[in-house]
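Scrolling down, you'll hit the structures one after another.
Paired with chain B in one complex and with chain C in the other, chain A is shared by the two complexes that follow.
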Partner chain A sequence: MVKRDPRKRNNFIVSWLFVLPAVLLMGAFLLYPLLSALRISFSEYNFVYSEKPVFNGLTNYIKLFQDPHFLVAFKNTIYYTLVFFPLFMLIALCLALLLNSKVKGNGIFQTAILLPIVVPLSLAGIMFTWIFSQDFGILNHLLANVLHLPNLQRFWLGDTQTAMNSLIAVGLWKYTGFGIILFLSGLKAISSDIYEAAKVDGVNSWQNLFYITLPNLKGSFSLVGIWGIIQAIKVYDQVVVMTNGGPGTSTLVLYLYAWKNAFSFFNMGIGEAIAFFTAALAIIISVVFKFVLKPEKG
Partner chain B sequence: MSRKISVFLIIGLLLVMLGVNMTSFAKTETLKVTAEAWYFNKYPMEEAAQRFQADHPGVTFEWSKAGDFEVAPLMLAWSRNRYIADVAIVASPSEAVAFQAKGLLLSFDDVLVGKYAKDKWLQGFLDQCTIDGKVYAIPSDAEVMTLIGRKDFAKEAGLTDANGNIIPAKDLNELYSYLQKLTVKDSTGKTTRYGLTVNWCSEYMVYAYFSGIQALRGSIYDKNGNLDFSSKEALALLDFWQKGVKEGLISTSSLVDHSGPRNDMKSGLAAILWEDHARVIEIGKVVGQDKMQIVPIPGADTNGTVSYTMSLMIPKNAQNPQLAKQFVLEQMNADWFAHDLMDKWGKLLGLKANIEARRDDPIWKTVYSLADKSVGLPKTVDHAKMVDIMTAEIHNMLKMQQTPEKTLANIQKQIKPLNLKPIK
Partner chain C sequence: MLRKEKNKSYRILVFVIGVIASVTVLSPIIWIILTSFKDVKEIYTVPLTIWPRKFVWTNYLTVVEGLPEFPTYFFNSIKVTIGTLLLVLPASAAAGYALGRREFPGKAIINLFIIAILAIPFLVFLIPLYIIEDILNMLDTNIGLILPYAALNLPLGILVMQASYREIPSELEDSARIDGANAFQTWFQIMTPLVITGLAAVTIFTFVAVWEEYMFARTFMVNTSAQTLAVGLPSLRVESKSWAYGTLSAALTLSLLPISVVFIVLRKYFVEGVLRGSVKG
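Moving on, here comes the complex of A and B:
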């Protein structure tokens, strides 16, 4: 018979006692609501007219794919992600590289680029609604009267061709700053010794970038990428404030449609199903992205 | 001497303490009023409370301010029997249906007598608050859908009578010819002033559409009793809108901005607005009240229009329900309260007497006449879904992605599975 070490057992109990408050809080405010929401996503539940949720299996998830508005929202969210994500990565990386170099006036640039992070998106949305306004907007004014390009004037938010791209532009304005911070921290972590050694070997700037900087930023790419994917898939704020999904359904996205189902149509079952579908989508794309960036062995 | 003073002091102290205790025995009743926060800033609720307190000593008030569109969480709390209010001010009577479906409301029928009897109210407004023949809400903040015109622009276009008033268009064709005359374009063909701006934003879309249908054919229902998406008038209305947008006669600013149309009017970018009558005050404050006129939608002078009201409700678990009903009727439907709403915001209450007092003013005379003939949208379980479908389809049509015929067909197809049976 193996005798248990009482000290080990005491350590085990004490360590559990330390983490217990956190576990209880997370259980009560994270796990329980999550499981409860998951259960509702498999139930027929209109919280105004139904007495309680009634389990209906996969019906809500099947119904989603028969709903034309959901399919449009899904397509729009994918479009948003496909356009937003590469632009976000590219702009954030380029600006981070620029800010990392010793350019004059770097401090001012850093402040200007990082400023959007502190502006609430709901407020920025109102500001951009005015900027993009067809008749009073400064963008159309600049195009027509300053740049003398009146043919480029558009009803930016009211035109189905440009509405979603305008929202993407606002998303980039808001989130790129955070991407830059993450890339900058990665850049600062690269040892200057590597660059000095490369300099001795006669490496030029482009070789520096492609053979030293970018390979050493793989960790940052992974972090910024996953963060960017999540921001793209859960796009909501600027859509609600600036277009509310319109005109028509041209900017309807998954989270907005989930909200509409839950709190406007009171159909909590469908709303939860859309929310879990969206979460699953974000997880799958993030895992694929992580897999693509997996470090090579050996 | 000092002993006497001490005795007096002790007696005095005892009397004061007794007095304090006596006041705690005095009966106080609190009325808790719950509404979205803007309501308390916009309307004279403090004054209403003070006036009510003068008539009912001992009543205190508690204002419970909710965020915008917080009806759903309110309903959840309410349905779990939590006391949230004695008076709840909720966005629209269609939400009353949702509350009543759960048996959460008290009827006003017992107090609608004498000067508050049911026939003293504007029928179109009260109908919206009636479920199964019982009145479960009192109309407030009401509006009727209409056209609001700029008299100065109309005069330039030769569309006014000898007194400078806009001559109402008889039908959509005549209104279209008005728009052609009112619209101004620059040398490049870009519209610098639209003949008309319509509020097609979400919920307004439904009111704009059905106000047109009601005015054109005298009913928002087809021959089977369903909401009309198939009549020739429905097609004519959509055709009128699409053609107007295509020709640059009608502004589409409302497609993403619900304030777009009123801003069009305030800035002189549009000559006529198709929205609720209350905007006439707001726009008049900017461009001058003498330049504004309420003009019926073609046909509305005889067929009526569509109206909208907010609703004052008494939850079943209110702590002072009778007092709450008294407050709603005595103060929130008093002449002074009604006139404050009308003068500052253009909004209406439901009692006819309140508006009749202002019938000398041509604006209120026309509004009264329209309100008297107005109808409400039906209260239905799937109202919000219908709004969503109509908005998406009509927006697609206005962006020239489909014809009016296809738009009506799509709406009919998509609303088929919805529960749009009117709850009477």
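Moving on, here comes the complex of A and C:
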């Protein structure tokens, strides 16, 4: 039908010429790999010994749940998320509320707070490895000699009690600024008329916050929340650089365990099964979040 | 009067908290910069000093003269970043224009695919892409990073450009058509100059994403000669000869410089762009 009408046909060809470069790139490096990934996750495929993937149904997924290391990685990722996420949201929201006023230096504050978003996480990992180091680390030095709290000194990355929390601190350092900026733009979008009207009614600041500002921020909560949770679920870079999963398996996370399965043990099938499990986790949480914080429609 | 007084003290409070937050966030970077100017002996002396006793350039000289890997990593990062931008910018502008302003069969499917891709963590693509690159002999080459990076950054780029083109009033496009401009001219000469903000946003977030990417670069670039800064610098730590924080902090400072400059100049577009194109991690 498209081909009958020359004008329609022309439009069809021209439009597809516009999208062609993008479609070719995404087809070759996203769509094809995605289908291939699905097949691998349902196959026995050792990259060194197997000639090609051999279909084995759900075996990889079943194996995962019998693998104690996978369960540890799952548990650690959940722990990371459960600590990271509330802190991330709370700090980002509070600082955004404070910075949402015409204060001198606001632009400079925002630039400074957002700067870590451009610091590669792996390089931040090197910086913090040293900051957390036992003997020459500035953190232990400050605790002992400036705050005079030598009891709080730790072997931060070498102790199973503190290693994961140290990695979470690096994640917060890197990502919270971005959360602030997202919240700030949500705050700017709230019409000032509402506040003017409230002022006339003699509403105080706390009522302003709880009855006007926060309910109007629902959209931002869902945006920042989903983004924050995904950053937590995909934690990888600083883990590799700082602890590589250790000590023991105390910082083994899903991304790292998938990587190790695929590129240390060459077990591509298992690696891809973990990848899809992680993807499902991220998507389900995002959907739930979106559903819970659905903005009411007028 | 009372309200004004209250307002003033609130502003001072906000200012103070702003300063504290900024200093806290910047302190690790400041610490690394200060360290890079310290003598190696001072770095490993207890108790630590925060301000260098004497500023020395030795660590920077070591990086420049004694660390041949550093310029290699640096130029690989530059080459990969520019290569990716050269693919992402025209491809996302062209596709964004067609998807934002034209009606054609297949449009809905492309849009659906873009949204679906944005929801999938990159980890899923890692293994198949590795296998493909192994077959095509693309491992340990710049192009072996440029092509996947371009593909992975395209969906967000297209979303941003689509939104940018959609904001232009349609009278402009109509009058161009009446003047006899063809579709390509309309896109490139009339419409694209009006979406420079969108292009700036795509530039900065692609730049940032590529400059910091670690997992793909670490997996695909095993050979030192092909590695980028994000992968190369952490690996320097392992080699005992370079494992001194003086050298490393100088190298860190140098590698954070370009991205910080780009960021400070284009910050506005970064925020705007990410908001426009929803958010991707």
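As a working rule, the second predicted complex is superposed on the first by the 269 of 298 C-alpha atoms of A that agree within 3 Å, B and C clash if a C-alpha of one lies under 4 Å from a C-alpha of the other, contacts with A are read in each partner's own complex, and residues count from 1 in each chain.
Convention: a contact is a pair of C-beta atoms (placed from the backbone, for glycine too) under 8 Å apart; a residue touches a chain by one contact, two chains touch by 3 or more.
None of the values given here were measured: they were computed from a predicted structure.
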item: Which of chain B and chain C A:Leu152 touches, first, second, both or neither; value: neither
item: Touched partner set for A:Leu209, first chain B, second chain C, both or neither; value: neither
item: Touching partner for A:Leu293 - first (chain B), second (chain C), both, neither; value: neither
item: Touching partner for A:Leu71 - first (chain B), second (chain C), both, neither; value: neither
item: Chain B versus chain C as contact partner of A:Ile117, first or second or both or neither; value: second
item: Touching partner for A:Phe263 - first (chain B), second (chain C), both, neither; value: both
item: Winner by number of chain A residues touched, once chain B and chain C are compared; value: C
item: Partner chain in contact with A:Phe47 - chain B first, chain C second, else both or neither; value: both
item: Which of chain B and chain C A:Ile131 touches, first, second, both or neither; value: second
item: First, second, both or neither for A:Thr278, with chain B first and chain C second; value: second
item: Common interface positions of chain A, toward chain B and toward chain C; value: 47, 135-136, 262-263
item: Chain A contact footprint on chain C (complex, rising order); value: 10-11, 14-15, 17-19, 21-22, 25-26, 28-29, 31-32, 43-44, 46-48, 50, 87, 90-92, 94-95, 97-99, 102-107, 110, 113-114, 117, 119-132, 147-148, 150-152, 154-155, 158, 183, 187, 208, 211-212, 214-215, 218-219, 229-231, 233-234, 237, 245, 248-249, 252, 255-256, 259-260, 262-264, 267, 271, 274-275, 278-279, 281
item: Residue ranges of chain A touching chain B (in the complex, touch as defined); value: 47-49, 68-69, 129, 133-136, 150, 155, 157-160, 163, 242-244, 246-249, 252, 260, 262-266
item: Footprint of chain A on chain B - complex, ascending; value: 69, 72, 75-76, 98, 101-102, 188, 201-202, 252-253, 255-257, 263-264, 267, 269, 381-382, 384-385, 388, 391-393, 395-396, 398-399, 401, 414
item: Chain A - residues contacting chain C, complex; value: 2, 11-12, 14-16, 18-19, 21-23, 25-26, 28-34, 36-37, 40, 47, 95, 98-99, 101, 103-106, 108-128, 130-131, 135-136, 138, 141, 145, 173, 177, 181-182, 185, 223, 226-227, 230-231, 233-234, 236-237, 240-241, 255, 258-259, 262-263, 268, 271-272, 275-276, 278-279, 282-283, 286
